[in-house]
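Below are two complexes that have subunit A in common, paired first with subunit B and then with subunit C.
Entry: the complex of A and B
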């Protein structure tokens, strides 16, 4: 689909083309290319309820960007606005610098894979994949070739071309939906939690396949999920959404090791959260009644100290750690490859996770000492 | 009693019950068919002599031809108009949320429960107030008042099971509104539309009370059957009755077969 090209198209002969090719190696300073998608102050209200609140975001060409948030955080509304299925109340969506707000979904060079997949139940696999091409009036044999090509790319057997979609399995249906979206040849693909209804093992496989497809096609992917784990596997960058706002945007590593606040850290699964206050040059934890060693506390006043359960360790008698607390081993859960322990320290319950091979040898109700180092914890201001 | 005996008794009871129910439902129509094959001038049972002469007469009779053509015109027109009206009505209340949607739903469905005689009379009075002389076309309007709600109900059952994301996906994949309707909405709702059309046709074809009040000088098959029962019985009455029923069954069968055929065609 022909949209505005990224740069000025040289209508000059080869020399200009060569020059243009070289200049792309050394981009001029100050001549910042427009990002493929830019949201400015984007908002959506439903009556009194504000689903999306003044979001600013720039998505780069070829990026795999995932928006993560609990249900009701506005992530679906956001992606529906980007796809053109919902009208923004305020703000702007721009594709390569061109305002997109008023363009209806069927004229946007974007395409969405829906949560329900929305495969046409009365059509065959082939007809589903060819749908966007048919709408464009492309001849039947050309459509068929393209569909078969996409089916090969997505590892769908060729004889599925004539199969009814409702006779296909969950994983196959995912691939059909993706093939159909790719047949459209969009500049940006949106995904609205397409894997949420798939069982765990298949989901893991499909996540990796999707990442492969992203690399093969080089297209921009914007993905929505409520699972940060899923986002971590696939994304170049992640945006965490809560109550209509983006609370943190960053690379998966950054989100994991430096969560902006308690909400983000808890989103990643079970973590230990301690309420702490600054106390001179150190930190005080009222619940434990002790001072704690913490990472860089510059500019921190009060908030939470977050420690992942796998960073906590049981301390043998005489073993030291920068932070040490004593409590009672209170519960034990098998999580497959890992074991999770609950250790009660006064009113506070700590979660400790160990690999099965490193399991704690003692009994429930043992008195135990657990510890962690300052660098393994993160401060979250709110 | 052993488990096995218990099972046998239960089984026997179920069969007896089902059989009794079927006899109850189908014996009357069977009697009509038997009566139509009687050679006697008057309705008597048991039938003294069987004969198919009345069927030949039925096919030759000009009266019957007129009756059938009136009934057929009404039923076809009612089926066509009610499907169009009901299709959009069903979409409106199954797919969109708007103010007054619930009240609309109830108001639209209410005429189903009106006593048809009262409805027919009311329409007759209304027609004469407005100054319309009733004939078969006013009967079409009367039938529609009662049948559109039923067809709306039938189609909206289909529309309710429709994933709205299907239309959005089509639109998102570059289809225009018209292409979306043609390529997605209609094919998905098609079974509902077909069964709605069958309902409309058959209910109109067999309707008596509304026709009685609103056909004016024209006469439909059920009206004629009633009139002849009241005075001037001939075995043509059960003959035509049996034929009417049989044609309704044929329409149902054709509807069912076309549905099966459509399924097959899509499967290919």
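Entry: the complex of A and C
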């Protein structure tokens, strides 16, 4: 089964080739005049409530862009505006430079995979996949060939063509929804948390499959999720959303290692956050009562110092680190491949993560010294 | 394997010995349903059986003890009762079609658009039901009659002189549509609310026009509600009497009129019974074939059994 995924990658869409030819002098990616999708000052108000606040964003051709945010952050409203299911209150959506605001969803060359998948329960798998083709009046045999081709690509057995969708499993339904969206042959595919209702293991598989499909089709994917972990696996770029605003946009690596603020860093999972103040040329941490060495503090006044648990290490007697604090080993948690330790330094709780093979040898309630280097921590102004 | 299962079954005997196992002669389900079953037998099946019995009695008898005969049925087929039967059928069909067309936009609005105003509308439609049907129909008479609310008003304010539609077929259809609207509307509201919003959005998003969304998604998914409303109002209209009597005058003799006449004015219970039996037979066959032919499970995409067909 796994072999089937390694098919030949189809050629990039013709439009991309044309664009590349016209801008052969372009110095780097991202400098193209018209990105495939550009949002300018895009806003949505529901009465008094502003769900989306003046978002500016450019999505590049062929990109896998993920918008991550907690529930209520406006991400679903945002993607529904992009799909044409919600009308923007302000601002503009432009597809390759063409204003799209007034174009209804059924005339936009985009397609969405819904959270509920929104399969047609009264139709077979084949009829579901063929739906967008039928709407265009494509003859039945042509539709069927295309549907079967997509089913092969998504590893759905051929005899599912006549199966009722409600008899298919969660993962199969996921693939049917994706096949149906691909049958539409959109310029941009939107995904509104389609994997949120799927159990952990299958979700992990489907995430990778989706990324493979992205590679095979070369299409632009815009994906919405509340799980940064999910976004990390699949995306070329990630946008973090909070209360209707894009807090940070960047490559997964960048978001991981340089979160723009405390919100982003905590969104990433468990991190150590220390409240710090500028103290002359250095940093002071009131909770620990010590000065700390930190990365570049130019322009920083007060805020938070963020250290990921895996960057903390236990210090053997005599071992040095740029920052060193002493506390008590309070508890340990097995996380599978890693082990997490809780170290208490006064009121401040630190989480330290080690690989299972590098576990700390001591006992609970041991006095321990932990340390980290300045370059492994990040300053977040808010 | 077998020894293991033997010890498994042998184990609990100690427990079961203490409490003697009572064997249930009657299942609890049947026991619980018994009052309803008895009530239905007495109040529903018995009168029907009586009518069935009378339909085989000789003309104008009032007892069930005579030798059975088919003369009533023969009389019906040799007379022109088929005319009133066809008229009833035609009126019922017209009513149902009109009701479905009128109900769809209201039902759609109530299920998807009106929001909390839907409750207000529901009340507005239900409250008149507290008034007797005949009184409401007489209200329509006052409205439609020559010199009544409509024509009198038109004449007084605009000087327009119109012909009354009262005692014509359209007045009967109007009455039927008016009286049976809730019975078509509310099942349809349920049907429409069974169409998930995201499914219609998905169809729209994939290039379907408003009409295609209606035909491909909304109509089939709302079909159970539409069918139930349609069948209900069809059967009610087929047996309706008051509308043709009050609003139709003698313009149209419907089958229910014939049955009533046979029982009352004609003092011919066996003939009325035979007519009733034919009507029941006809509508019953129609409903059963229709329900059989249209597989509700298939419309809803509920597969029978788990693993394919």
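Some observations on this one:
Basically, the second predicted complex is superposed on the first by the 350 of 382 C-alpha atoms of A that agree within 3 Å, B and C clash if a C-alpha of one lies under 4 Å from a C-alpha of the other, contacts with A are read in each partner's own complex, and residues count from 1 in each chain.
One rule holds for everything that comes next: a residue touches a chain if its C-beta (ideal position, glycine included) is under 8 Å from a C-beta of that chain, and two chains touch if they have at least 3 such contacts.
These figures come from a predicted structure and were not determined experimentally.
Subunit B and subunit C, once both complexes are superposed via subunit A, clash. Judged by the touch definition given at the top, the superposed model places A:165 against subunit C, while subunit B stays out of reach.
Counting contacts by the rule stated earlier, residues 83-85, 104-107, 110-112, 114-116, 118, 120-123, 131-132, 134-136, 164, 180-181, 184 of subunit A appear in both its interface with subunit B and its interface with subunit C. On subunit A, the positions that touch subunit C within their shared complex are 83-85, 104-108, 110-112, 114-116, 118-123, 131-132, 134-136, 163-167, 180-181, 184.
The part of subunit C that touches subunit A in the complex is made up of residues 196, 198-199, 201-209, 212, 216-217, 220-221, 298-303, 306-308. If you check the complex, the residues on subunit A that touch subunit B are 83-85, 104-107, 110-112, 114-116, 118, 120-124, 131-132, 134-136, 162, 164, 180-181, 184. Partner subunit A is touched in their complex by these residues of subunit B: 163, 165-166, 168-176, 179, 183-184, 187-188, 190, 266-268.
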